[in-house]
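Below is the structure I would like to discuss, written out as structure tokens.
Chain naming follows the written order as A, B, C and D, and within any one chain the residues start at number 1.
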């Protein structure tokens, strides 16, 4: 998935966050992953205010009827080499709200999704690891950890 | 106790509801908690829940033909229009002289008309969802006809609507009736996060409902599950182990600190002061570690279950909690003292979104916004539940009534919560809080309500069951739904540029997803501006 | 035939390459120090300690697809970013760093720099108005409001420096300062006011209203993506470099230092130290302050700063009369 | 509350945090970070009797029972069913491991579940 952004694109990833009717549990975990303790900026990852500047669209929450059109519009506004991350079980597959009448059940029913991060909500460490993997830095770090860590990490 | 079985009702005819309500309010029941709708076969039952500021509650029941109508009580209690809009959306009941009836509150506008309203028993969610998602998107978006938009003047340009969220903001929609620049009236339009939880709750068993209802809001999730479980335990008549009650109170107070410090960090973020956001959130991290230590998940604790708590907290953990909370409090007061006495911070927040005590009372506002005007309305004191009787703490009130006093109230409440936690840890009794088997049975016939003090205010649950595995009706009234009317009210008289700080004043949680449609009476054109657009500070007018 | 040294100064040394490198260096410095103040690590994995992060940002944006929203003014949309980058580079080429009178310096170049300094805002205004979106039109509205406030006392404080020395070109200023010592001893208030105005010009908090991230999306930069955005962001960093070097030349005597005239390149060392000091002040103010409201903008800047400048004016006249 | 030093205090705080070690945590998360979480459900199929209690009590309906093999009750052959976890719908609440009469579902302390497609690789 990282090849999609290209060699340089992986070193500076600009995120744009969209809350498609989630319970904002994932949103506060995503916002926490930008603060000091998890600090996404060390990978060159920034939160940008406008979809025009963004590379990666992070969507949280099971898409409900009203936010579906906005999600599609925001997706079209992002310039081309773009990656979509579905953050949290609701975004991956509608999670616990499957079956509710106003919920489309997952982001991939509306826009093509590249990376799924299940978890309700996924810990900021999981978000940091996913984005580090996207930035292609995780492999380099693991290589200089004196060989593979105990058994391949299930990722 | 914060929860009680509802034994008796005040049966009233639909037509003389307003007179009955005004008689009740004169007797001291000024606070309308909410209006609950029930599908009773051929007609719809409506329960008006009232409560005195000192805690007694009274419930007026009436029933209306399906698709029937009844007079509105807006002129008696101004804050009731939001509950009437919700019942209108969910049950299709028309309230006569409530002029916001033609606006939808929760449902998308392309809700299929041939389908019954969602909360009727015969409404089938899958059919509704299929129809909803076939409707063309044009019908669903609320763009009123725009006439005479000139190209470049910002006032009359239609913004590509769409709730946009840098970092954490949620979409919000108020219909503002504007005279030139002054806002005359604001009507909230929620619905961006409406997932139809109350309908889903009726089809799942009680145990599964705890996890569903907990995910209504990610920041005050423990209060949701606790209130629901309190109501169900009242129906079952269960006696809870003392230690379980103490552990529940401990986790609830930790969650209050986590929610308030999250909001305080965000106030800094709104003012473009990102260092404060980073500091306050990194201090808040050790509270999140404690929550994870106790419950295994930082946000959705799901530690409450019917009959007690799912995990016991060992004494060694209690010790760690005690000194971590103490270090949090020291660090937090140190940072916040500097920020609160910063003249730039004061200039930026005081005097914004002013409101006074009687508007707060008339609008039945709850939680910190109500306490920031001097009215100590705190469910933990009025109707004590959990371990709040054995703990002594003081209710924080402030006379300011603007964003700065709200910041002070929430900051002092954090300090109060740390004191509560110290006392709880000292008085923690021993015992076996974990029930042997998860509750799988049926709940005997009956109705119960429960009220707790969520970080944002009074959270109300109404649960009715008739000895089946799943509840027949779960009504949730979140604190932000009550406070949204205050935000709408406080917007009056403000200029367009003060809207952002006023909306964030009540610390809107999930349930107030709104966006602003402005009907400009003078130029007859209306423009759809979403909340992000409202953050612009200046229009062409000179600097004041 | 243009002299080789003119080409060299405009394209390599204080001109294009040097100022772009300085721009990336200051952006990197700012991100690292602000991160450290917020107790976190800034960019880390691109180059030694993340030094090449701004370069990677710039290159990434160059290769991204550029979406031009419909009914935008194509001409302005293309020109504005390019103009926004050219003006600071040209300004930088005029600043003398390793010599009293470099290749490009002419008689009234300090006055010309003042003119260029105020011109650079209009390129961003054109960039904002080229696009049909209320956020950029509102952002530009705020930009002009803010510009009209800070430009008055920015030009005034620099003009007072010229008044006291009655010289209007850089080499003369440097000679004056070698004799009488850096101007900051005579005009400390002018120095402070120039720094405040520079913070407002660079739209750094506490004056980052025109592209307030939380309020109006990205202000006048909202609709730009790809190349246009790369140049606009670069132009902001370049104008930071330019402003800092201008203030350090005028007030602190840019390249002046112990053995400056003899060994030319040593001037670069003193210049770098002074610029570093000023940039640290700006970065620190950025990290510690929140955004002012538009109401606060006028009373905070105008009411407090103009009296200071007038006082400074009187002192400058006295000093010149006495000197 | 009133003893705050306002702007000066802020500047002192900023300088102090400038020279203190940043609090950022190294990644991939070390062991002690992972051991406090609830983890994800993993089946020990040898203990499972296929009663389906976990399927009924899963709040988000992430568990589906799948016929796996044969089981002998008395003399009748009965298809043995084992739960399958849909890790995208699962909310990691741990009810299935609590409810399971045989303790066949264990919550494994591991997170960092990142899939680049519904297939679940990478």
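By definition in this document, a contact is a pair of C-beta atoms (placed from the backbone, for glycine too) under 8 Å apart; a residue touches a chain by one contact, two chains touch by 3 or more.
Note that this is a predicted model, so its numbers are computed, not measured.
Undergrad: Chains in contact with chain A and with chain B: which ones?
TA: Under the touch definition, chain A and chain B have C, D as mutual neighbours.
Undergrad: Farthest chain from chain B, going by the mean of C-alpha atoms per chain?
TA: Farthest by centroid: C.
Undergrad: On a C-alpha centroid basis, what's the spacing between chain A and chain C, in Å?
TA: Using C-alpha averages as centres, the distance is 36 Å.
Undergrad: In whole angstrom, what separates the CA-based centres of chain B and chain D?
TA: 29
Undergrad: Which integer distance in Å separates the CA centroid of chain C from that of chain D?
TA: Averaging C-alpha atoms per chain gives centres 51 Å apart.
Undergrad: Averaging only over C-alpha atoms, locate the centres of chain B and chain C and give their separation in whole Å.
TA: Going by mean C-alpha positions, chain B sits 47 Å from chain C.
Undergrad: What are the residues of chain A that contact at least two other chains?
TA: 35-37, 39, 42, 49, 95-96, 99, 120, 123
Undergrad: Quick check on chain C: which residues sit in contact with 2+ other chains?
TA: Residues 35, 37-41, 135, 213-214, 217, 287-288.
Undergrad: Find every residue in chain D that makes contact with two or more other chains and list them.
TA: 10, 14, 17, 22-24, 37, 59-60, 91-93
Undergrad: Between the chains shown, work out who touches whom and classify the graph as line, ring, star, complete or other.
TA: Per interface graph, the chains form a complete graph.
Undergrad: Please give the residue numbers of chain C that touch chain A in the complex, ascending.
TA: These residues of chain C touch chain A: 31, 35, 38-46, 50, 53, 56-57, 59-60, 63-67, 135, 213-214, 217-218, 221-226, 229.
Undergrad: Of all residues in chain A, which touch chain B in the complex?
TA: For chain A paired with chain B, touching residues are 17-19, 21-29, 31-32, 34-37, 47, 49, 51, 61-62, 64-70, 73-74, 95-97, 99-104, 120-121, 123.
Undergrad: Enumerate the contact residues on chain D facing chain A in the complex.
TA: The contact residues of chain D facing chain A are 22-25, 27-29, 33, 37, 59-61, 86-93, 110-118, 122.
Undergrad: Could you list, by residue number, the parts of chain C that touch chain B in their complex?
TA: So the residues of chain C touching chain B come out as 34, 37-40, 129, 132-135, 137-138, 141-142, 145, 205-206, 208-209, 212-217, 287-298.
Undergrad: Which of the residues in chain A end up touching chain D in this complex?
TA: 1, 36-39, 42, 89, 92-96, 98-99, 106, 108, 114-120, 122-123, 125-126, 128-130, 132-133, 138, 141-142, 153-155
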